[in-house]
Amino acid sequence: MIKEGDMVYLYKDERRNYLVKIQGGRLHTDLGFLELKDIIGKEYGEYAETNLKHAFYILRPDLHELVMKIKRKTQILYPKDIGIILTKANIFPGARVIESGAGSGALTTAMANFVRPNGKVYSYDRNEEFLENAKKNIERYGLSEYVEFKLREVTDSYDESEVDFVMIDIGSQWDLIDAAYKALKGGSRLATICPTFEQLTKTVFALEEKGFINIETEEILVRKILVRRGKTRPEQRIPSHTGWLVFASKISKKAHGTQTTQEDAQPL
Amino acid sequence: MIKEGDMVYLYKDERRNYLVKIQGGRLHTDLGFLELKDIIGKEYGEYAETNLKHAFYILRPDLHELVMKIKRKTQILYPKDIGIILTKANIFPGARVIESGAGSGALTTAMANFVRPNGKVYSYDRNEEFLENAKKNIERYGLSEYVEFKLREVTDSYDESEVDFVMIDIGSQWDLIDAAYKALKGGSRLATICPTFEQLTKTVFALEEKGFINIETEEILVRKILVRRGKTRPEQRIPSHTGWLVFASKISKKAHGTQTTQEDAQPL
Amino acid sequence: MIKEGDMVYLYKDERRNYLVKIQGGRLHTDLGFLELKDIIGKEYGEYAETNLKHAFYILRPDLHELVMKIKRKTQILYPKDIGIILTKANIFPGARVIESGAGSGALTTAMANFVRPNGKVYSYDRNEEFLENAKKNIERYGLSEYVEFKLREVTDSYDESEVDFVMIDIGSQWDLIDAAYKALKGGSRLATICPTFEQLTKTVFALEEKGFINIETEEILVRKILVRRGKTRPEQRIPSHTGWLVFASKISKKAHGTQTTQEDAQPL
Amino acid sequence: MIKEGDMVYLYKDERRNYLVKIQGGRLHTDLGFLELKDIIGKEYGEYAETNLKHAFYILRPDLHELVMKIKRKTQILYPKDIGIILTKANIFPGARVIESGAGSGALTTAMANFVRPNGKVYSYDRNEEFLENAKKNIERYGLSEYVEFKLREVTDSYDESEVDFVMIDIGSQWDLIDAAYKALKGGSRLATICPTFEQLTKTVFALEEKGFINIETEEILVRKILVRRGKTRPEQRIPSHTGWLVFASKISKKAHGTQTTQEDAQPL
């Protein structure tokens, strides 16, 4: 049963859908308004009617909606990129992970969801406005106890060590590679996203220099298909590029001397 | 410190990497063999040497490695598709989810990882050989307590109800839509993957008929970039198609009468 | 030297570029206007100035510009699709080719360009408005002597036979397959474009039934890269789908009996 | 009627297809051999039988087959890339165009086909082995009178001037930009293909420096769809990357001073 404070995803159709927190006030749509208090006591899967008698379905918001409907002050990481990060990062219930910067809190939300109930996301940002916004988003989603926000620029090191994963989501990734190296557990991965080619190559070469291995770069593309009777086809325009995702594994200092480059590695 | 029974990802380079469980025996490679017992007591991030003095790095396996290196008896779901499912399904620590069929246990592994510590994956398969293989994979990964395997064909209904997510990964999805509808919590999603166009349209139309809403179809493409000094470029061949992912939300029966089709929904 | 009646491509930057025919009148831009007569006597590669002293470069329009800037009454075929058609159709100087329908004349322009000087494009359309528009476009481009327009619906057959190529660019392709078969030279190809999946499968199966072989379907995607110092990246949104191109080869009736399906064809 | 010396495309199925010149000798296949002389006197669209009574269809080779089946000593340009070049280059019957290098003659073939009957392709290569191979391919295709091969390294300039198009298909494109500039007609385009990112940016910046405008970079992707009853789907692996195509327009020296960068161009 839905109660005050719950998040609901009010869905009419592809264009009309809203992520709202149940509390006082009205949701205004082009099909009339909904009194949000009236949703209290209903079940997910039921509907609520506007004053103009249009039904909006009350769905459970999944990570996808939390991310896409987040209040933005910055560019966000999209579900397509978050999804692959969730599979290539050492994230699990109980994990301790770092991110720089917090951005609008999109990836923070995803990571907080999956480190529950006893893990933690340490989220750094030097921009107070962004951090405050991210914090509010996380509070709104009821995930505050799994996130520790830190307003500061990271130069030399993070406060944490032996963390399971580090996400670097700032423009000059190379500045944080040392700090990330120190913070990570041995054998664990960091990730970063590079919108431009120049950033990508500079980041990868800096990772190589620092001794990271297993460096992989990939780009994720999503293409929606509109399935309609007699006229099924891909959508006509798609978002093509957000950034290249880079993943790299930390090995301990004493393993560095042994490292062979990919080119050197030859079968006997 | 690595101990007997731990999973490690032994990484030399892009072509030579192995997911192994630490126990007796040797791992044979084209660069010599490793005595696995010798890895006990080392830390992740260190290396182990073959008898021919080649270093293999001891990395933590992430979901990506668990999935890609799983012992296969069937086609598997790939990380690109699992990633997006993780963002569009109501999966979280504590969630109760269903999948049909178990396949080789790739998605099972991913879901088991994220429903920990007090959720459960109910994994159905009518093929005993497949189910046994999936079970062994899950045991090997130490995730058995989060998965309940069920050897049976689902016709009318699953054993569970009020589950948070249902994944249908069989060839005739439409046969399981009724059962999935009954098992799901209101307002929650099911997902399925359709390798062919005919399967896709038949599935989507069956979902529409059953009253599911918010039906979305998408395809995920991954493109690796090889970042090398002076010769950075995308890889020359990429896997293009695994299947189309379909997502749909359950609404309760009493909401069905109110349902307007997407085409009907017009601004006032 | 540019003379009255020449086509020029006036280029300022990515957003400001115009395909114009040199004659009386002014071209109005947000950077002032150009007196077109003033361009007479200049050379391609020079520039013309607006009344506000902004330079527009006088470039030679290539097929790409003729197609993209064509006056449209219909959806057009894009250069990405025209390009692949040019390589998979039996088009060459002197070729005789058919198209149904004329559309806005985009493919007509491309084919007329390449069948010169002694070939011919037979362009059918049952819609007078479209045909008149296509005709005007072709006149404007100075290609009229290579195109014969025919205002009529094709049901049973085209007026021509032994043509080198047939392009079917209408919505119910299957209706023209008989006519195309009759018109084509043996061993030559037809092509068609299908925006939807249902159209694609229906078309391919109709081609198979008629005895066409070597049936291939492909889709062309174009992705622009913005090369800028320090910020090179793919453009963020791309056109994803125009249609699937289908190509098929005619074999003569007496070869039909011998035809083996792809599945039957087995090495001995 | 097919006569000695004609090119035919012998097609059995997707895996068994051959581009052959009709002359003495046999074509050996896994379904038996064909006596090529027996094809003389047949029509395109008919079939020829192997000694084991398997029918091979006699199709007309289009550009696509000439390119894909060319005898290779080098990497070739693929039809997907050739197609877009044909629409963005000033190629037409009668055009005079340059290419460096000749490679295996794939693009040479395409351009020779379309500059007929009174145009010419000037094809430069400094590698004798490659040039001889390209020459033989062009002879085999009966296009020799439209191509002039030149065995020499281009440093300062080409032998021709006022050409309609220049294609640079060598690894250090920037070395030929001066020569291409001198050879091109004003307002006409050059094109080049860059397999790596570093080559791409270096090339584009060199073109900018030389004063070329209208510089565009694009990549073409092709995805085949396998249309089969009840199991239509995209092919599972696709070629992802050949190279980025760069196009740029020459403007005359006196226009250079007026040039505004894209960033400078602002509406008044």
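Descriptive notes on the structure:
For reference, chains read A, B, C and D in written order, and residue numbers begin at 1 within each chain.
We take it that a residue touches a chain if its C-beta (ideal position, glycine included) is under 8 Å from a C-beta of that chain, and two chains touch if they have at least 3 such contacts.
Just so we're clear, the structure is a prediction, and the values are computed from it rather than from any experiment.
Common neighbours of subunit B and subunit D (chains touching each): A, C. In terms of C-beta pairs in contact, A-C outnumbers the other of A-C and B-C.
Look at where the CA atoms of subunit A average out and do the same for subunit B: the two points lie 19 Å apart.
Per-chain Cα centroids separate subunit B from subunit C by 44 Å.
Multi-chain contact residues of subunit A (touching two or more other chains): 197, 201, 223, 232.
Here subunit D touches subunit A in the complex through residues 197-198, 201, going by the rule given at the top.
Within the complex, the subunit B residues that touch subunit D are 195-198, 223, 230-242.
Contact residues on subunit B toward subunit A in their complex (touch as defined above): 9, 11-17, 30-32, 43-47, 49, 52, 55, 57-60, 62-64, 67, 79-80, 82-90, 92-94, 110, 113-114, 116-117, 185-189, 197, 200-201, 204-205, 213-227, 229, 232, 244, 249-252, 254-255, 258-260, 262, 265, 267-268.
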